[in-house]
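Take a look at the structure below.
Order of writing sets the labels: A, B, C and D. Residues in every chain begin at 1.
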Amino acid sequence: MYRFNNDYSVAAHPAVMQALSDINGNAYGGYGLDEVCVEAADLIKKRIKASDSDVHFLVGGTQANFTVISAALLPYQSVLCADTGHIHVHETGAVEHIGHKIEALPHTNGKISAEQIRAAGENFRTSDVQEHITEPGMVYISFPTEFGTVYSLQELTDIRHACDDYGMILFIDGARLGYGLAAEGNDVKIEDIARLADVFYIGGTKCGAMFGEAVVIRNFMIGHRFRSHIKQNGGMLAKGFLLGAQFRALFTDDLYFDITAGAVAKAMKIKKAFAESGIPSYIDSPTNQQFVLLTEAQCEAFSGKFVFENEGKTADGMRISRFCTSWGTTDEETDALIEAIRELKN
Amino acid sequence: MYRFNNDYSVAAHPAVMQALSDINGNAYGGYGLDEVCVEAADLIKKRIKASDSDVHFLVGGTQANFTVISAALLPYQSVLCADTGHIHVHETGAVEHIGHKIEALPHTNGKISAEQIRAAGENFRTSDVQEHITEPGMVYISFPTEFGTVYSLQELTDIRHACDDYGMILFIDGARLGYGLAAEGNDVKIEDIARLADVFYIGGTKCGAMFGEAVVIRNFMIGHRFRSHIKQNGGMLAKGFLLGAQFRALFTDDLYFDITAGAVAKAMKIKKAFAESGIPSYIDSPTNQQFVLLTEAQCEAFSGKFVFENEGKTADGMRISRFCTSWGTTDEETDALIEAIRELKN
Amino acid sequence: MYRFNNDYSVAAHPAVMQALSDINGNAYGGYGLDEVCVEAADLIKKRIKASDSDVHFLVGGTQANFTVISAALLPYQSVLCADTGHIHVHETGAVEHIGHKIEALPHTNGKISAEQIRAAGENFRTSDVQEHITEPGMVYISFPTEFGTVYSLQELTDIRHACDDYGMILFIDGARLGYGLAAEGNDVKIEDIARLADVFYIGGTKCGAMFGEAVVIRNFMIGHRFRSHIKQNGGMLAKGFLLGAQFRALFTDDLYFDITAGAVAKAMKIKKAFAESGIPSYIDSPTNQQFVLLTEAQCEAFSGKFVFENEGKTADGMRISRFCTSWGTTDEETDALIEAIRELKN
Amino acid sequence: MYRFNNDYSVAAHPAVMQALSDINGNAYGGYGLDEVCVEAADLIKKRIKASDSDVHFLVGGTQANFTVISAALLPYQSVLCADTGHIHVHETGAVEHIGHKIEALPHTNGKISAEQIRAAGENFRTSDVQEHITEPGMVYISFPTEFGTVYSLQELTDIRHACDDYGMILFIDGARLGYGLAAEGNDVKIEDIARLADVFYIGGTKCGAMFGEAVVIRNFMIGHRFRSHIKQNGGMLAKGFLLGAQFRALFTDDLYFDITAGAVAKAMKIKKAFAESGIPSYIDSPTNQQFVLLTEAQCEAFSGKFVFENEGKTADGMRISRFCTSWGTTDEETDALIEAIRELKN
């Protein structure tokens, strides 16, 4: 069985596993206050060309999301995000659970635009009942989005300007950041993310780490006592050095970037195969997640040999199917899938 | 200056004010544990033909809304409501502040349908990632809606069935209940509300009381230690008897129903005048709130003499204008407005 | 039956009731944005000699408490208060419900000291695990306390200095402020409260108003979008002018101060009678609440004629009994009680 | 440098590390829905002799604590715990952050008693202002406590009966469960914990795992949609199989129990050495944490060679010092410390 269902089904890249084995037996300070985390943070700050950053390592994405939001917003402030945003539809109301409203904006291919943000900001600014509505205090976007799409540098820059004009914080969820940066046609570098966002995170869990997300705070207002927020929201790992060790490995010799680029290259081959076989895409994704429309018969044909994710049906009964590569996807798996796709055609 | 801007600009119906004066000097038990509240509750239970109800008096609507929601839902449960719903757009995120997500559904004339509720319920029921999404545990609707429209008995009954089928609580916000029950063409009686809802409230603030909402709990599961929820959410008035006295007055000789019916009758005259003058309605409301589309010039013409509410602009530049009658609107005021409307025509 | 059980059993001082009657029929802006509230706020600001204050009118104390706390603290900050503090023991966890921890300090006669506050501040300041504990960000005290005692000007000044030294906000709950200011031996003026606190409120509900508390914000950091906090926490009265009218009446010709002073004077007579009858006090209170220790037989002797509050029993079986005067207590009631006390002696 | 400062400074027991390496490369289902977690849960259920349990794997203790509390309590319910309890003093107000009050009871050697619980329950039961106070809905205790002490079987049984009599949930935090079960003189078996608690967890992080706590739910009321609570509170690890693999290893051949027993045996040797050297203990602990009182000079003598934790000072200036063994402590380290202790004597 070949698994293309997601990018978190295998423990860790061998180099990460080795890094964890290597430190086993060593004793470190607790709660992320150790030299391994310092080294990992330094590697990250150097790579993103932003030495004045605050880097914190958290275990997972949902946790990172609501911790950042809890730290960044005042009680009456809300978060703007796409109506397909992870915090809005896949986190069991975690953001609301700790007290904040999410204002969902209609997405276009998983993205929202500077214009939408400006409209929301303007709506609040010009409201004569400001105290009856929440103030949009943050924009949350994902890079890449839930649909694998990416923002262009121009789009991100426009969003940054909109945030500046309306006093909003820009928070970029990078759970799959590596895959986004390696996207076909992408013109955004990690330095751009670091320059444009107030806070973002570099996803490890889906990008080669065993687990872990590196939250990078660029706006010192959010960073004040951020460790207190982490602890309060349950995200402070007693053995923080486990996270440091993983990110140290991933940010040594650009491993993080190489393995995610490899996954995207394989996804592009798969995308091409689908196209050549006349399988329509559900959305045009340049990253490791490919969304195509299959008939029931085609799903059936795949089902004994490939695991992939069912994302619902279209109005005309096609199955929205996600095929996902990862840092761990092999050439053999890719070739097997491509071959199967080609057989579909005939 | 004639005021048609809202239905809460004047203190209280004279009978209510008299009721408060009458009890002044008397000493009562605190926090709603007094004989006046008992009498008021009894009058309400008799009038709604539901003696097995639990009646609690709260000061205001926002408070009543989030207190009921806090009492009724488990942490991972969300509230379904129209995207124009008061809790969604006019309460500064109060529901999220105490931990619950609101799932907004597209409204039709301020209303949502049983079909929409069923779809949301079915979406959760059939989800294979139920733990990643919130469970719709409650339907919140307003009677009448923010646009002054009302649900038909059939619509309410269908919604009740949808709630039953998907295990949702039906909560009816009756901040303007009296005006809704008196709506032109309405076929819903207060007994129906009491029969169909798990919990609802009879709005006093906008319907003749100085302040106060009578929350009626029909589902004993919600009622468990409801007073603890009221206190925790800041809604327990030390002098609860003030609320009891007002509702006792309003539910004596059907005063509540008579004065709200009077306001709707005046609104219907105004509606007719607008129609006869060729002023388009923004929405067809059978209650005390009338929404019409005025040109800037027409707004200007009214502005020296009438106060009304600006609710934004349409795409083609018309001003959405709300004219609101209340229990306190006089014939003189109504006639003056009608005359001014007629002058618009010419 | 003479009632000495609390100070909120009667609707309102006649002048307040008259003030409400007087404005009935007038139309005002909604949500506290009206000229009556402006006038009331101006009278308050003049009387407290602090024109640079922000005055907001809320309906009740619990609501005022958690709204202020929600507005003033960051998520990881806690409130220091006496272990007998109202927010700690009488508000159903309202402060925790909206997310903040209360750190209770052992009280002395209902009070806490600057030394205790400094110790708590120092504990946090010197902690090497600051991120694992909450930061005391606010001191909450009541003037007078739950036991009717008052802080001296020196004590309040010391607390202010402690707050300054440790970066804490000083919040004074003045639900019974009038009675505290009129306390026998009190050397604190309302101007001192306004000078020393970051935020405090002038209690109306127990001091002659029908309902209402005037929150006075002295530290503009707390005041930012305070109306949003009020709305979010359910404390925004649609007819805010009702509150304005009451406080305008209470702050005209020092009515607020005169009627509470009258109540304290009566309490002092009662206190003297208890002392002369050899009835031990539970706590030495100089305000309108008197706490004495009665035998069961003495309670019994009172019970047919007087209503008072049972506050539990001492280890040796004496009943802690509270006798409470108010602005509404008459000379006749006072004399009747004193006579009954004297009869206890014989 | 020998480290006795805590029990979470080393990554993982070699068998756990091996288990993680062994599964690397394998693909598993996400979010704990995989066969490894099933096997681990089965091993646990068998070992605790409670097949009707619900076992969930969470990453850390704070997260486990507030997730269980959020799932188990209604909004107006509070948690009873020792005033030294981890949730009360070491979790940055996490429990209050998600809405619940903690009622701290004075501890005796880190423990609370059935009598204290009954008193709190009785206080609520007999209160005539129940709606103004929180209802104690849960008892939270740690086994072993923060001071390394353990409850006897009789004490636990009494607490269970108190919980039964007052309708409270018993939640046992077992972050160091292994060390407690191996305590000198302990008469509580893990089966007893499983029989007496409504919910408890088996700590992995401090007991040989790289990270992870196994929450065992014995009361199905708490278990309803527990996975939704986990996700909502940020505790759902995408690669749940990592947790399963670790607990599968720890519960194979009683590894969990053997390695923690080894640590306690070493601690007992250290304890004996301290006693023989006349070093007073701060608290008499039968588990892996030893608390002794050292002079500044003695601390100094240790400081170049041993790392241990400073827990503050006594009134007479002695340093409360914690020496902590773990599953990873070697004989060599133990002997070195014992030798140093003996040298202190002379």
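Note that in this section contacts are C-beta pairs under 8 Å (C-beta built on N, C-alpha and C of every residue); 3 or more make two chains touch, one makes a residue touch a chain.
Note that the coordinates shown come from a computational prediction; the quantities given were computed from them, not determined experimentally.
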| item | value |
| --- | --- |
| Comparison of A-D and A-B (more C-beta pairs in contact) | A-D |
| Superposition rotation for chain B onto chain D, Cα-based, multiple of 5° | 180 |
| Geometric centre distance via CA averages, chain D-chain B, whole Å | 50 |
| Inter-centroid spacing, chain B versus chain A (mean Cα positions, whole Å) | 42 |
| Inter-centroid spacing, chain D versus chain A (mean Cα positions, whole Å) | 34 |
| Residue numbers of chain A (touch at least two other chains) | 70, 75-76, 91-93, 97-99, 131-132, 228, 231-232, 236 |
| Residues of chain D that touch chain A when the two form their complex | 3, 6, 8-12, 14, 17, 20-21, 23-30, 59-63, 66-67, 70, 91-94, 97-98, 205-206, 210-211, 228, 231-239, 241-242, 328 |
| In the complex with chain B, residue positions of chain A that touch it | 75-76, 78, 89-93, 95-102, 104, 129, 131-134 |
| For the chain B and chain D complex, residues of the former touching the latter | 31, 70-71, 74-76, 98-99, 130-132, 135, 225, 227-232, 236 |
